[in-house]
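Following are the structures in question.
Presented sequentially are two complexes of chain A, the first with chain B as partner and the second with chain C.
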Partner chain A sequence: MRTTLLLLLVAFLASIPFLGSSYLPTFFIILFMNLILASSYDIVGGYLGYVNLGHAVFFGLGAYTFGITWNAQAPLGVAFVCAVAAAVIFAALMAYPFFRLHGAYFSLGTFGLIRLFELLAFNFGSLTGGSGGLSVPSSYRLLPTFYTTLILALLTLAIVYKIAKSRLGLAFVSIREDEKVARDFGVPVLRYQTLALMLSASIAGLMGAVYTWYIIYINPEAVFGTEMALLPVAMAMLGGTGAIAGPVIGAVFISIVEEFLWTKLPYLHLAAYGLVIAGVGLFMPGGIVRVPFIEARLRWLGLVEDL
Partner chain B sequence: MPIILEASSISKSFRGLMAISDVSVRLEEGQITGLIGPNGAGKTTLFNIITGGIAPDRGTVTFLGKELGKLTPDRICRLGISRTYQLVRPFLSLPVYRNVLIGVYFGRDGYISSAKAEREVDELLEFVGLRDKRAARASELNTVERKHLEIARALATLPRLLLLDEVVAGLNPSETSAVMESIREIRRRGVTIFLIEHVMKVVMGLSDHLLVLHHGELIAEGKPEKVATSPAVVEAYLGHRRPAGAYHAEG
Partner chain C sequence: MAARLGKEFMATVSLQLIIGGILQGGIYALAAFGLSLIFGVSNILNLAHGEFLMLGAMVSFLVYTGTELSPFVTALGLIPLFFAVGSLFERGLIRPLSGRPDHMRLVASILVTLGASIAIEDFASFAFGPNEKALAYTLPSFQVGPIIVSTIRLAGLAFILVLTLALHTFLKRTYQGRAIVATTQSRRGAMLVGVNIQRVANLSFGIGAILAALAGVFFVIMFPVTPYVGLPLTLKYLCIIVLGGLGSLFGTLLGGLVLGLVEILVAYYSPHWSETSAFIILVLILLIRPQGLFGRFSG
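== the complex of A and B ==
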């Protein structure tokens, strides 16, 4: 029953480009991207319990690395691999110093990274094109991107689901609950923190590469800007962190609201968007998935795992 | 009996305040060793040093012939030392069985299959009487149940040495005797026990050997009956006995 529902949903999503509108695939690419970023953020934010405001650093590193290597005549596949490698290697390097910080200090520190990378991208003009941005060769990519992001979204959810069910996920949540106790009971904390960050980074880095490939032009603000940094965190928190359905619901909700507001309220959309988030925060603490009525239904579908 | 753990000349100060001063402890395998002392005597600090959470300023800890040195707490746990906390610290938002599962998966050396792990968790929950609370979140348990959960989680790591930090504090008499019986059973299964306790009935009833810490120094050790009545210990707990008539003379 559940499997049937899931397959039907996937079949529906896969058939969207054939519904005759060219607007729908564009919208769903953004939605899938939001979902991928929110879910990959949640590995660290929801399971490990560290609010990483620097998640966009991995996305941006992937985006730039892909653009630079592809422009340097690297084959497409190699450019994608380089993008993921850059994000993962950076995650491994930042793990040791940053996981010495806890709570708000970790968040502030990682938020600082965003600004650092934005400045680096601005100033390493010879590599990144500076404020002028970076372009890659264009061709028709709407449908290939649609299916790539759809597959990557499903893959991300499968990975997060697998983690949540495995002993790896148990190690992550034990660290979230009480790091010292986890260590006293045999969990090598830093190793699992590093692993969580690298997993999270690999997905975001790949998404960054796909983004550059699709959008063909990036600049420092687009990939390292404040909005890019806050969006995954806001979506995950809105939907509910540490539950597989949470970031998905948050991403769908925000993508729709943003699209709707952007068309209906071109001038006020950012303010209205803030109001929506504040309202959900006030009336649905713990996120949309923790509203009892919704939680019961998601539990039946097996989408709010037993932590 | 062979010595399972030996702490030699341990000293530790916090910002100039001496918490432990030149303390040496030897725990015999298979015994229950009690550790008493007034509040602030350094008992929990000694536990934290043994489990690797705090590095001593001076001195060494040797467990099963291996010097623990700079080993991290997770390594020390996998070598066979486990503990409970004075103020219970279960993983609150996790279900009870997942709390114990963490000990089974990560607290031991070697790999264990999920099916076997789940079976062992159920046995441990049965042992501490939490079988029917298996799926409840730890935050839904009361204090007594949380203490039992901590014992189950500690046993899940298959310890050779178990450190119990005031495990009966806050329990009523019947709950206390139940826990005492569990502790005896754990020892019968071959686990050496080192326990901090304020309730004298429990310490005297369980311990084969008793240590007394006061102001970070070991002031007495030996058979429980002897130690508890030694003048130094009585003084540490009750203060100095003045000569008869002293109040009158001073007044």
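== the complex of A and C ==
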């Protein structure tokens, strides 16, 4: 029953480009991108319990590495691999110093990191194009991007689902609940923290590369800016962290709210967006998925795990 | 500014730069200390802190353009106003989060303060317009030997010095101040000896908002201000807290001064790298001393 429902949903999503509207695929590409970033953030933010405000660093690294290598005449596949490699290697390097920080200090440090990357992207103009941005050759990519992001979104959810159901996920959650106890019980804390960050980075880095490929033009503000940094975090928290359905619901909700506000409100749509985020923090502890009515429905679908 | 200073002797230039750096650092320290106080007392990462500064700057700009009243006088009027703003902020947005488990509270506090920050910026941009506001308030400068001393900067430094001393006295000598310090050191210990934690948290938000708003007044005298300066500035203050160590007035002051001086000196040689240097310092400090330069770690 559940499998049938999910297959039907996937079939519906795959047939969206054939519904005749050219607007729908564009909207869904953004939605899938939000979903991928929010879900990959949640590996570290939700399961491991470290609020990584610098998740967009991996996205931006992927985006820039792809753009730079592809412009240097590297084959498309190589450029994608380089983008993922850059994000993963950086994640491995930053794991040791940053996981020495805990709680709000970790968030603070990673938030500083994203700002540092934005400024570095501005300053190394010879490599990144600076404030002028970076362009890659254009061609028709709407449908290829649609299916790439759809597949990447499904893949991300499959990875998160696998993690949540495995010993690895259990280890992550034990670190979230009490790091000292986890260490005493023989969980190799730093190794798992590094692994979680690298997994999270690889997905975000790949998404960054796809973003550059699709959007053709990037600049430091677009990939390392504050909005880009906070959006995936806000979506995951809004939907509910540490549950596979959480980031999905958050991403869908925010994508729709943004589209709706964009068309209906001439002014103050950012303010309304801010109020929605603050309201969820105030009135929905644990996010939308933890609202009892919704949680019961999701549990029936098998999309909430008790970790 | 660097270009104007370039005409002076090298020694004079470096003295001017250092004075400029100290003033900028003082402004940073002022706002950062409020943030550090809030973080120390309630363990809340207040991402909306820079918005208090922006609002303080906007109000003093509006008062000045409307009535030509000296911003230093406006600053005095801002004290009760922003105490009310800060404590209302705590009452409405932060207090409801207390009592949740630590991890959930961190998540919720980020959502709430971030949402508030985005909303305040957008409302401010709607109400005051999104363009840059610069307050054209000057006082005559005078010359001591080869050094040109700007009266405004001197007054600013004096104001910051007086505020720091007042704050120091408040924290050391009064019951409420000592209750704040006690809560920063140990929340449970303070509760055990009968400190009203909620009132202390409310007080620290009020004081934090005052300090940020006053920093905003100096900020708008020196630099143009847009409704969007809040979040990047908050980030810089967080950087200072890390630099100085949590909850230490002395450390925060020193952290602010170090950052102000580094920024001004780097800006003199290469304006592009001025802001970058602040965040490179942040990351380096985290790598070398995660507990901050002068602080003890209490994570």
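Note that the second predicted complex is superposed on the first by the 306 of 307 C-alpha atoms of A that agree within 3 Å, B and C clash if a C-alpha of one lies under 4 Å from a C-alpha of the other, contacts with A are read in each partner's own complex, and residues count from 1 in each chain.
Methods note: contacts are C-beta pairs under 8 Å (C-beta built on N, C-alpha and C of every residue); 3 or more make two chains touch, one makes a residue touch a chain.
Bear in mind that the values here come from a model prediction, so they are computed numbers and not experimental data.
Engineer: Of chain B and chain C, which one contacts the greater number of residues in chain A?
Structural biologist: C
Engineer: Just chain B (first), just chain C (second), both, or neither: which does A:144 touch?
Structural biologist: In the superposition, A:144 touches no partner, neither chain B nor chain C.
Engineer: With the two structures laid over each other on chain A, which partner does A:181 touch: chain B (first), chain C (second), both, or neither?
Structural biologist: The answer is first: A:181 touches chain B but not chain C.
Engineer: One more residue to check, A:75. First (chain B), second (chain C), both or neither?
Structural biologist: neither
Engineer: When the two structures are overlaid on chain A, which partner does A:112 contact: first (chain B), second (chain C), both, or neither?
Structural biologist: Touch partner of A:112: chain C, not chain B.
Engineer: Tell me which partner A:277 touches in the superposition: chain B (first), chain C (second), both or neither.
Structural biologist: So A:277 only meets chain C here.
Engineer: Quick check on the superposed pair: does A:171 touch chain B, chain C, both, or neither? Answer first, second, both or neither.
Structural biologist: A:171 sits against chain B, while chain C stays out of touch.
Engineer: With the two structures laid over each other on chain A, which partner does A:132 touch: chain B (first), chain C (second), both, or neither?
Structural biologist: Neither partner.
Engineer: Under the stated touch criterion, which partner chain does A:100 make contact with: chain B (first), chain C (second), both, or neither?
Structural biologist: Second partner only.
Engineer: Shared contact residues on chain A for chain B and chain C?
Structural biologist: In the superposed arrangement, which is not itself an observed complex, chain A uses no residue for both chain B and chain C.
Engineer: If we count contacts the way the header does, which residues on chain A are in touch with chain B in the complex?
Structural biologist: 167, 170-171, 173-174, 177-178, 180-189, 306-307
Engineer: In their shared complex, at which residues does chain B touch chain A?
Structural biologist: 51, 53, 72-74, 77-78, 82-83, 85, 89, 91-95, 98, 101-103, 105-108, 114, 135, 153, 157
Engineer: What part of chain A is in contact with chain C in the complex they form?
Structural biologist: Against chain C, chain A makes touches at 49, 51, 53, 97-98, 100-105, 107-109, 111-113, 115-116, 119-120, 122-123, 176, 226, 230, 233-234, 237-238, 241, 267-282, 285-286.
Engineer: For chain C, which residues are in contact with chain A within the complex?
Structural biologist: Answer in residue numbers: 39, 43, 45, 93, 96-97, 100, 102-104, 106-123, 126, 231-232, 235, 238-239, 241-242, 272-273, 275-276, 279-280, 282-283, 286-287, 290, 299.
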